[in-house]
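Consider the two complexes below, in which subunit A is the common component and subunit B and subunit C are the respective partners.
Here is the complex of A and B:
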């Protein structure tokens, strides 16, 4: 004890130069660290802004289309469909069978001169068909219909295209009024080979149905697994093995789950190919480990004193879990679920393997109909050579991001609703 | 029922040992607990008094590594026998914990929870009455009667602990176990709890674990001194504090260790 520093050591000099230097150095480190943090935040904000601005700049055009006013005279052209036929189920067939497509092309040639049929969209006659169905008067008198223009003309009308397309625009502007407006068909249609006629609704509905299946399977199974593992399972080698397996499953590349889905749901269980139910089941397998891990952590974070309190008044284990533990863990479980669902929503690779990359022109009617999903649709469109698909791709990305934001918003709302104030 | 004692004790422990894995935390403890009495368990930290307390309503069941040997009876019935329903046991032997642990729900819901899960109230009126009676017995009614819908966690520490006591007595227990109920409270709140223990004594058998010897002397009629897992001495509180038989008890009470 006597060998330690002498008691009469000189008092610390807080004003000494070395001490001042140390203090200045400490402040400098604080500043540098804060600036680094700020820089990181600014950089990520800049990336995000860049992404959003690019998408919005390209994508808003994807929601628009150029239309031209096409004068059309059905009785004059000898078009023979009676009014009563429009009310029957075979109306579409009757109109198509009477040669509406050729008639519309002829009307375009008549209105805009030589090559006029090339200037309007291949699918323009469908617009005319729908116009007739909503206004049967067109069968008995001459009138006009706003029809979408061909892709090249559409591009030219907005500034960038070949000289002949520019010329076409000039001719159209002279003949009939060119208008650019919101394209409602983009939110109604499914995939198409013609970029002016494509729609996102098929993929959006496919995504909705797939997410529904994923949520209905993964949420209850994941949460119940988490509860069992955390509250009931004994601690032994088996539960350790299960825990390690679940942690590893959460990190398995998603395409492996696609192969699993292919082998189990399509080859073994013979479920329909390209269907939302198979996609949903495959994605449910993929995100279940995420929900189990998040759920276990949330359950673990519930203070043991609450369990003691409930047990102490004679609650059974099930009552402890469902009356106290689960409500308190729910915000955490929801956060984990939403992370999993967001991952599932953006997933492409496993869905390619179970056939959801097929070219599907009608929105799915149910869980077993062939469908595609938003990210796969984006992937398919980005692969197209036609220029018109570039902006459609961006528009589809905007729809996907909006879907994601809506889903996250709902989760945040639910989390705040269930959050307990201590 | 088998080893019938002339006067039936409320709870009896015979040669009770508790193990955590290989470590023995409580060693061959035998003790009787009676109605209308407050029994205090005192002893230095880690002496097994809280562990032993938790065996009396089988709260140790939740710890996977804990193992209990020996026999504990409630009204002559072995509480560790297969026929004993642990949920009912915990309703009959209530517990108040060291840290106030109200549910993050309203004051009313905190007290009503026990009666509700055991189906003790036939109607809303009856449940209201149980809640009011429990809060009154816990000495909290006057302070909270106008805000029964407020969160139980918004109360002060002392009020929270009295809420926990109200919650425990709402299911009409016969025995109340208290694990250092005042150790997290300030002196005024502590005094209120001690006063409350006095008032509750006639109705329930109360067992209280405490670090505070003055508290044991103030509230209890009987005191048990635990040391290193052994029950060193058990007797009338007055005798323990004035004329302990054992040297170790005397050393502890006079502050030689602990």
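Here is the complex of A and C:
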């Protein structure tokens, strides 16, 4: 045995002042580090809160509009439309043809003095038209209709604006009662050049049609390929190629799918521009990998004992999957699908490239009509110069966020309700 | 006959086939002496498959072929002699004739189209009926063939299952087809672009102004280096300066310090940041962040501050990426073996020392891979830069100045009014190809790193 040299060391003196200082320093660092972490989380959450509060603060006013009570005397102005004409299909045409637009302007001048026609919205006569259709009595007697005011007046009535607009508000308040209330047209109309008359229904309907196409294509294809890859695919080069393709597709920037849609669906296959069917196809290709990956994970989570039991009582391999594995995996697949659909609903860039940025005044009637979608509508309104569009944009954002929140909430609910821990 | 109506009709025939096949199989099941091989429903599916598949395949082929047959038929008309031999005008006249044939109340611009419209209508009707007849005949023939094979000993289940497997295989091939489609369409358009503009001018040129392209030397104003720089500067520098510290520290706090209740609530809240649509971020960046940053720059004495600064877009993009970095860091921290953490703590290290000297170095490959994936996502991000960044292509290191990015230019080039074959629109595809290749490489590198790193601890 060799002799080891004794270690030249004294025990640490924990009570020494230097050591105490050192420990305090280390603990201080610990606290700072911890606070930094908390700060990072809190700042991120604060940013989210700030974003949402900004949108809500701007957007709630977008759901409102200011109306003014406009006295209208149709028989007195010599307006010649008979009551029976209102029941026919040509009622709108008859009312417009009889000069309702000018008559409404004249009524505004009469009621609010010089320049009165500038104070009510350009589309005010449409409100009057609808009022006449619902109350034909207006054709034979004098009455009043609440019509939306012009954008500048609308801004002035609810906050800051130019001095002229402020003066207009003062005059209107003197002449007729100004009221601010919920704007139902915002949920009924489509795009317009006049911010008081715009609505999101056109874009929302376009979004719904596009989502329908996306769902009808991406869901079956995604689920079927998830089943194939997870349950049947032999391990070979082809399967590897499919897996690599899916993983890469999930990471391809969305705008690339727009280029694909432009080159393949529009230029090569000559499908109609701006149509929900093209948008839906493009988005379906984009979210298919999301569904495949979610589907594979859900199928993988079903324990092998289920398969073995089914095989053991004589089910074929197809029956095992379609009768036993798939129903058990379905909640997971649905959760993934909803999350994918939420992503598709918020997607803008690829749809810009395939022409879904058109100015759509009438909501699309079918899958091949020109349409726009909610996020693109937000983008288009954000480009508008008129101040009235700022709150409309934020209001549309609130609607979009509400849809996304509902979809994600549904996904979380499904996951919690049906998730099985084996 | 209307094509979609025809599809519904064939689908109805398929349903009838299913009912008939199932009914026949059910009858011999109950009173036959033979033991049956397959269930009645499987026989039904067999008949339905034979009814549907040939007819639908035919309809798909026919819907591609018949417009060409119709066009040929119409061109045999004497009035068609007046059409130019080829080119845009000829196609426009034919398209107009097609519209007129379907909707005679529309007014005609081109008299030739008006003359061709009746012939077009007749030809469309003629070939429409041929197609409908053939499809229905095919459906009946297939159904009848399958129906005769419905016997107790017939192995309908095996046949149906084989067609199910083929369906599954086809569905999973769509992913490959999409990848190929992206690659080939980008490559094809890019090759056309590079036949006009030299790739060297494009990849190494430093002057980008697609608004004024000289026909003699289009490459001179299509140098993409400023775009690459802007994309890198906004997506990989500014956004990452925000996203990496915030993402990493959030992940560390939530996994190492936070109580389970806090973690359960804060993690989904942070993930909402990733779920907010990019157009909302873009609007927020343009409306709120960009003016604030311009005012800040002016307050610092920088008078030429742009209201479309690189900083505004980069900051907001960074916030969007935070949850992404955070969840990648979360995964890699969780993959570090508990023994390493316990060992460090047992030696007397504080939690923060354990994290910064043991956990983070051990998780570093995973974190780096996560950052690479985040960069690939940031440079492909479009709406924030479209709405908050400018179109002016500058090479600058000043975050208060404006720069532009690849994605922004793709949108600008393709949403203007321009014909499809101009170098301007083709340049968008070349940019798209570059973006695709770069993000693909980043992803491959990142996934390889993650894979190797996971193996190291398993």
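By our rule, the second predicted complex is superposed on the first by the 363 of 422 C-alpha atoms of A that agree within 3 Å, B and C clash if a C-alpha of one lies under 4 Å from a C-alpha of the other, contacts with A are read in each partner's own complex, and residues count from 1 in each chain.
Methods note: a contact is a pair of C-beta atoms (placed from the backbone, for glycine too) under 8 Å apart; a residue touches a chain by one contact, two chains touch by 3 or more.
Everything numeric in this text was worked out from a predicted model, so none of it was measured.
Visitor: Quick check on the superposed pair: does A:256 touch subunit B, subunit C, both, or neither? Answer first, second, both or neither.
Guide: Touch status of A:256: second partner only.
Visitor: Contact-wise, after the overlay, does A:358 reach subunit B, subunit C, both or neither (first, second, both, neither)?
Guide: The answer is neither, since A:358 touches no partner chain.
Visitor: Which partner reaches more residues of subunit A, subunit B or subunit C?
Guide: For subunit A, the partner with the higher number of touched residues is C.
Visitor: Let me test your reading of the model: by the given contact rule, A:301 touches which partner, first (subunit B), second (subunit C), both or neither?
Guide: neither
Visitor: Would you sort A:37 into first (subunit B), second (subunit C), both or neither based on which partner it touches?
Guide: Only subunit C; A:37 stays clear of subunit B.
Visitor: Figure out whether A:315 sits in contact with subunit B (first) or subunit C (second), or with both, or with neither.
Guide: A:315 contacts subunit B only, not subunit C.
Visitor: Regarding the shared-chain residue A:235, is it in contact with subunit B (first), subunit C (second), both, or neither?
Guide: first
Visitor: State which residues of subunit A lie in both footprints, the one left by subunit B and the one left by subunit C.
Guide: On subunit A, the overlap between the subunit B and subunit C contacts is residues 316.
Visitor: Flag every residue of subunit C that touches subunit A in the complex, lowest number first.
Guide: Checking each residue of subunit C against subunit A gives 157, 160-161, 164-165, 167-169, 171-176, 178-179, 181-182, 185-186, 188-189, 245-250, 252-254, 256-258, 266, 268-270, 272-273, 275-284, 286-288, 319, 322-323, 350-353, 355-356, 373, 376-377, 379-383, 386-387, 407, 410-411, 414-415, 420, 428-429, 432, 435-436, 439-440, 443-444, 447.
Visitor: What residues of subunit B sit close enough to touch subunit A in their complex?
Guide: 57, 59, 62, 64, 87-91, 94-97, 99, 101-104, 113-114, 117-118, 151, 153, 164, 167-168, 170-171
Visitor: What residues of subunit A sit close enough to touch subunit B in their complex?
Guide: The touching residues are 234-235, 303, 305-316, 319, 323-324, 328, 420-422.
Visitor: Provide the residue numbers of subunit A that touch subunit C in the complex, in ascending order.
Guide: Listed in rising order, the residues of subunit A that touch subunit C are 26-27, 29-30, 33-34, 36-41, 43-45, 47-48, 51, 54-55, 220-221, 224-225, 227-229, 232-233, 241-242, 245-249, 251-257, 259-260, 262-264, 267-268, 285, 288-289, 292, 316-318, 322, 342-343, 345-349, 352-353, 357, 375-376, 378-379, 382, 390, 393-394, 397, 400-401, 404, 408, 412.
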